[in-house]
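Below is one structure, written out as structure tokens; comments come after it.
Labels run A, B and C following the written order; every chain starts at residue 1.
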């Protein structure tokens, strides 16, 4: 798109992106970064506190927490990406079509949106995963299923605003209609608010995903998932606090990073708003 | 228009507002940019117009006079005095006390300047409470008095309305009432009629002028329409791209020598100009507008 | 030659009107090469009239003919008709897409209509409205009001229309900038051999620009104002309200 690339002048954006960058790096380079095999058990060393060998200690089965944390970035980021890829296009399509067509189509689409929005996210996700079985793909579907309405509403609002103004009329005067209009004119107008919402949502998705895996509906052992790690750690939280604290801190950091990115995007995303 | 002061002065005998070398700059990523460049003028108990196009810096100047500019905008002045008080050194608390009671600012669109969720009467009451010690009954009386003074026939009903319920003309009258109820000495009006229909503009301006005259106040009327303000003001200050380029008494406008003033004065279309080219300024083609916050 | 002929135009519904007829049995004839004005208060239906002629508002009935082509209700303009009729909008900021550069705004209409040498034509369009080539890379928020309106005019001229509809083209501009735009419009009308239909609430603008005008109110044309009467409309610059 013809959008200007502004220099990274926002501290929020820099910091958030840096943290995200670290997580991505960890996910990609996990086999080389992790000091131990994340699923290798060493019962003799179980529940040992942070030492020089095991920087974050070990869990109930003697597995190195740092390594599990590093490998844990993979399912986390994969899930987040999958949910994003599923929910945003659906939401955008529904919202833009509803806003552009108006009338009965709009009422129908927004009615469906409202109904889905009325469901509590985690409950619906639980039900879905409960029916379909646990796993990364199913978790992603479950979360995307309840996540798209927010984008639909945003997209519809932006589309309505465009319709009320002269942008679309001006485009129509030159025969710019249909998909070209929706893709090139309406969609870009939706992007700025989308970006911000998305960044905020990603933080929520991480938490929801952690919640699902905490309840045992994630990818299942022995895959290192942060939520599942917290579940394991919660059993021994009073004596061996590090087992739960480390993945908890990781979730916190990544969520904050996404929030900072959202804040920074608010400044950098729209060329006319400083 | 009974209380018109006699005689027209090029410079007022006693200035209410005295400005010397007022400059406004903005810190941009690539250095500081000067938006208003050393503007100097005085305003007494008279009606002065500040005229210029969008981007000339006139609105920013008005806001600087009221101490409303924040970072990244920076204001500097050799002198900025109101009735002897140095405005450059005022604390936020003192500014709050000044605004509304000594100097008042009325803006273009009343619906954007008023709090949309509070009834109008309540907002007027608040304005009175901030600046004066009056009982609730006294405040109500003052509010009603002021509303009648601005030509609102049903003060009680109008007081119960929300800003968005007031049409343009009514909204502007309410704004005037609010701004004048505490008896300021100077009224700054920034394009007060631009968002109104043609038919209402004269009404609102006449009202403003008559109120200002009656209370022996000063009026600084900001506009891009030279001919409109010339009908109501005694002196005109012309700004172009941040500089004050001409100062003239209104009666001397028709014979103005400065090219920009001449063009502003004669660029109005009408039946007489049919078939001719209107006089225009030759501009710097690369004129760029960076939206200052 | 008749540029526009309207017989019995009725527009029932507009999103503002809440069911009341917006235009009632309107008749109008505009000659080719004229600048025809429409004056009226807000809500009189003048903008709707323009939008019907522009093909944007398609829910109407009656007879409308533009340069010997019949307009059909509820049908989008296509082909030559779509190119021949263009519009300049009131608020240039509201009609230029805020996320598109000037180049994109001027190129897309050309691309969609199968014009080659797009960049050259875009540069030519800028020259016609006296804007420098450096404007191509700018976004609308980086242009002044006058510059934006010039881009809007350049865009309207891209497909070489024969009928240009002007919806309050200078209402959002300062007086001095308005003068420039009006001069530009007059020059372009001659050089591009167009017919203008100008809608404005400002009688002085209509008096300056138009050969004839219609006074519209409540969906009907009250009367046609001839040039003589238009010449009498002038801003009362000589009358001072205050000594």
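Just so we're on the same page, a residue touches a chain if its C-beta (ideal position, glycine included) is under 8 Å from a C-beta of that chain, and two chains touch if they have at least 3 such contacts.
Small disclaimer: the values here were computed from a predicted structure and weren't measured.
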Chain-contact steps, minimal, separating subunit C from subunit B = 1
Key: Chain at maximum distance from subunit B, centres defined as averaged CA atoms   = A
Ask   = How many angstrom between the C-alpha centroids of subunit C and subunit B?
value = 33
Inquiry  = Report the inter-centroid distance (CA atoms only) between subunit A and subunit C in whole Å.
reply    = 47
Request  = Check each residue of subunit C and list the ones that touch at least two other chains.
outcome  = 141
Query = Among the residues of subunit B, which ones contact at least 2 other chains?
reply = 291
Ask   = When you check subunit A against every other chain, which residues touch at least two of them?
value = 272
Request  = Please name which positions on subunit C make contact with subunit B in the complex.
outcome  = 41-42, 130-132, 134, 141-145, 147, 174-180, 182-183, 186, 201-202, 204-205, 207-209, 227, 230-235, 237, 239-243
Query = Within the complex, which stretch of subunit A touches subunit C?
reply = 1-4, 165-167, 169-177, 180, 184-185, 188-189, 191, 271-272
Note = Seen from subunit B, its contact residues with subunit C in the complex are 1, 4, 47, 53-55, 197-198, 202, 205-206, 209, 224-227, 230-234, 250, 263-264, 267-274, 277-281, 285-291
Ask   = Contact residues on subunit C for subunit A in the complex?
value = 51, 54-56, 76-78, 82, 85-87, 89-91, 94-101, 103-104, 108-109, 112-113, 139-141, 152, 155-156, 158-159
